[in-house]
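Each of the next two complexes has subunit A plus one more chain, namely subunit B in the first and subunit C in the second.
This part shows the complex of A and B:
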């Protein structure tokens, strides 16, 4: 069929349906077009939106494993505020973010700057540094427990050569969070590095050429060209990491089980304990709403930062 | 290209930088070598002296032991079924939705799209308890359905695929429309082949996340034979301190990490694209 013929056929078809001709009506809103999004929307509504609303509803009830119980308004939130363990969990979570995010943001930046070059060694090292991120939390914690564990750990063995006692990263109340943070940085360092690398590659080469003509040295180029160009990415990396590390769960559960004495119990672990080991569903739901609000605030900051122009991207 | 500028020379500074990155890499891989070392040792020898790791005799006995008595095969199979199904499901659902949002008009399209985008901000923990109750209600815990279906609700793929469909020039569909092709035919024959790189990126990303998911499988799969690899390996760590099977545990961990590391090495190009794509969010 020639182009002219097919055009005429399409127009005729539209006329038969009593529609105006021209390209505008192709884009007129039609319900049948929504069929393309319908399959996804079924899952979106039933397994994301409804559970989210249901969770809020649960948080307002004295719910347990068997029934939703009676409506108690903000009763569960009140219980949370008076629960020393919950407050401790909130504190622990912030402390963990403080311990893990700065090293992730800084080491990630250092690696990206060092490996932003087109050599085979650099490519291999990039692949290497991201590889730990594909391991599951179970494997990562297994590896780090066998490093930290008292008797047969790598750390104990190395310290043993010097007849010294290693720091007890799995049992000393002052050190458990640091131990978990070390394992976490080891696990998560790949993502910040990759995010920085993709920002670095978007800096126009002409700027560097101009700097080279001006005989600007390595550090001056870094300070006055590279870093200002990726300023927005640095902020994004920090916020993404805050949101991710806020959700600490697997490492704390598997490395220290929250102990000793709840010193390494983060909010998500508290939610898990309340909802799935004590079956105090209402309280667990309320705690998860608190976490939701905290993450929402960080997500809003992220949205505003990514909207702001001014970076090289 | 040097690290901070454009100089072509491989200066002393460059060599120092790469050198220190290599040293850090060695420090980072030391724990892994330690684990592999332990996995190659006889348990009784380890119990007597940990320093025996540094010399022979080494043995593959712990690995053969996996083939004999471990549930690890069942868990690998479960993880393959779950991650594979989530990946295929997500690709199908989000490609259709991405095309719908990017190219077609229907009532409330923009409002619905914004609601889906807002879904990106919902953390898993804010829906887990209610999801658990829903699956209790319909009696689906300890099934593949329970392990797979929640993964299909993630909005990130819709966002990504919509962006990709928008980036394809409209002339492609307009030419096909004039040829009387149906909307589905345009999607299937004309546009979908153009999104293959995006499919690969989203696919590998989804697969990795599903493979490593921990919280949801932990609460929905309570029977040993329905564990995914992540939960299964965690469950066998409990009698860790007795070190009865230290070498065996380590062999199991090495064996369990191998599939995902192989997938990573094969698809790393797409992972890089996925990561840099998500930065633009």
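This part shows the complex of A and C:
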């Protein structure tokens, strides 16, 4: 057998081998492919799933900073229901969501519609409106404190020109939540705007041309062409914002510290106070679970309502 | 009412780029006009300017004597069928068709009647409640046409409406468009780069190239008397044969000498021919494969055979390597590599100057064009 022949034979052997492993497993699961999602799964499980389960477990105990304490079943939940401050915090949170989500959804849409064009000005304004989103909550609240603060604030100065008294957004019990909502809308408006913009840019140009030939004016085009085309994004924005705004904390902590008289105390702030100020970890854990279920229900309801109304599109 | 459309000295620029330069043409009422040209020649732009989707930089457009180029698209009394159909995706077929009518507050009973009639005509009655994503490409196309019909426009504008359909459907829709045209008395403007669509549908064709109108004429006029080499090349399939020839005069008519030395007597008058060396153009159907050498103009070697059933196209190579496509009967016995005798019809050829201008056989000329010499 010549060298060339033996090489060829060896190659053929290898080929056959390769072919065998290649075909035998074609329908079998390839577990090593799971490695691709392993890095994500590690963090997802250790930082999200385990703490979540651990939190449920904690909420069933009389836990404090040092020990998990004794098992008390739904005792913590019972305490929550009888805690007027917690119920107030729940009400405050719903009120805040109601105050902040509709403006975020509507103003975001308005900005996107206005800035959905290819001019330099529009591009600059898009950046401008989005820029507040990159600020940290500390900066945002600092800015809005400067605006709202009595006597020296921007608002007070402007009202002062007309010899008027500015609304006390930081201290009036009826206005504090509105003040926090204004700051929040200003802070969070960038994301809805960007989501709407990307949705608007997906709408084919020809549809607008067809509508123009169909004699549709601006309002009818908006009502019958644009809005139906971005319906899914509207739902997405509303769900995202509900989930986010239910978790109000930083603004309330830094602008009003929950006051006056707990008027601006949201659930997350309550959890923080119970768990990390009073070290009543079990109660804090139970309150977290209530918030979790609230967010879940709100998102599900929103999702299902829009699904039912929606079509097969 | 049907539209008579007048386009006067229209120019379109994008920045420093001129895409249409001083275009003037007039479209008669009820005429089926096709804008034909290669991509980028400005044909769609011209249509979109008529529709009002592009601004007119210079010149004016009038419908029935009323200037419309400054009116918004909806006020021009036109309906357009788009290449990608542009059906409203979230509306049912019926809603799609009704939208344009509701916008101008047409009575619901009238809307219903018009939709019913259009749906019947287009055979989409069973689809009226469906959403566009439940329709095939051909059905969407019908909906787009239906949406145009119910508006009862003064003119229909079609922007390459068949180009997204598969080959079989395209042919069928083409025939249906021709039928539709007979039923709906209206002016129609149809943009295409497909010369077969243009030939089959048009009353008149506007051939556009390089920002300008090359030729306006009936399909057969465009086909048999193209004004320029561009039109001759663009219209007809297979593409017209072109040979560089030397011209001599024979009794007042041009006699062409092929690069391989063969001679062909034409009935194109030599008076007015600008050059001695020109391009001869002749369509494949005027170059026949003959059995006797005596009847042939020259001979060529077969490179490629295309059997089309009713006829066979022979891609032949002359002695000097110039390529000539010739036609033979469907049951041609020629094979690749054969040398075949080719008879050129001297009465059906054209001459083109170096500027591209075409010279045709004199109308009713009686030259001895058929007596082609064979060398």
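Everything that follows uses one rule, which is that the second predicted complex is superposed on the first by the 256 of 313 C-alpha atoms of A that agree within 3 Å, B and C clash if a C-alpha of one lies under 4 Å from a C-alpha of the other, contacts with A are read in each partner's own complex, and residues count from 1 in each chain.
Throughout what follows, contacts are C-beta pairs under 8 Å (C-beta built on N, C-alpha and C of every residue); 3 or more make two chains touch, one makes a residue touch a chain.
No experiment lies behind these values; they were computed from the predicted model shown.
Between subunit B and subunit C, more residues of subunit A are touched by B. Touch criterion met: A:212 reaches subunit B and subunit C at once.
When both complexes are overlaid on chain A, the residue A:98 reaches neither subunit B nor subunit C. When the two complexes are overlaid on their common chain A, residue A:164 makes contact with neither subunit B nor subunit C.
In the superposed model, A:297 makes contact with neither subunit B nor subunit C.
Looking at the shared chain after the overlay, A:43 reaches subunit B, while subunit C stays out of its contact range.
Using the contact criterion defined above for the overlaid structures, shared-chain residue A:87 touches neither subunit B nor subunit C, since it reaches no partner.
Contact with subunit B, but none with subunit C, is seen for A:122 once the two complexes are overlaid on the shared chain. Residues 209, 211-212, 216, 313 of subunit A contact both subunit B in one complex and subunit C in the other. Against subunit A, in their complex, subunit B makes its touches with residues 1-7, 13-14, 17-18, 20-22, 25, 28-32, 34-35, 38, 46, 50-51, 53, 92-94, 96-97, 99-101, 104-107, 109, 112, 116, 119-134, 149-150, 152-155, 158, 174, 177-180, 183, 187, 208, 211-212, 214-215, 219, 229-231, 233-234, 237, 240-241, 243, 246, 249-250, 253, 256-257, 260-261, 263-265, 268, 271-272, 275-276, 279-281.
On the side of subunit A, the complex with subunit B involves touching residues 1, 3, 6-7, 9-10, 13, 23, 26-37, 39-41, 43-44, 46-52, 54-55, 58, 111, 113-118, 121-122, 125, 127-132, 134-139, 141-147, 149, 151-152, 154, 156-157, 160, 186, 191, 194-195, 197-199, 205, 208-209, 211-212, 216, 218-219, 221-222, 226, 233, 236, 247, 249-250, 254, 268, 271-272, 275-276, 281, 284-285, 288-289, 291-292, 295-296, 299-300, 306, 313. Those residues of subunit A whose C-beta lies close enough to touch subunit C in the complex are 204, 206-207, 209-217, 220, 224-225, 228-229, 231, 311-313. The residues of subunit C lying in touch with subunit A in their complex are 51-53, 72-75, 78-80, 82-84, 86-91, 99-100, 103-104, 131, 133-134, 147, 151.
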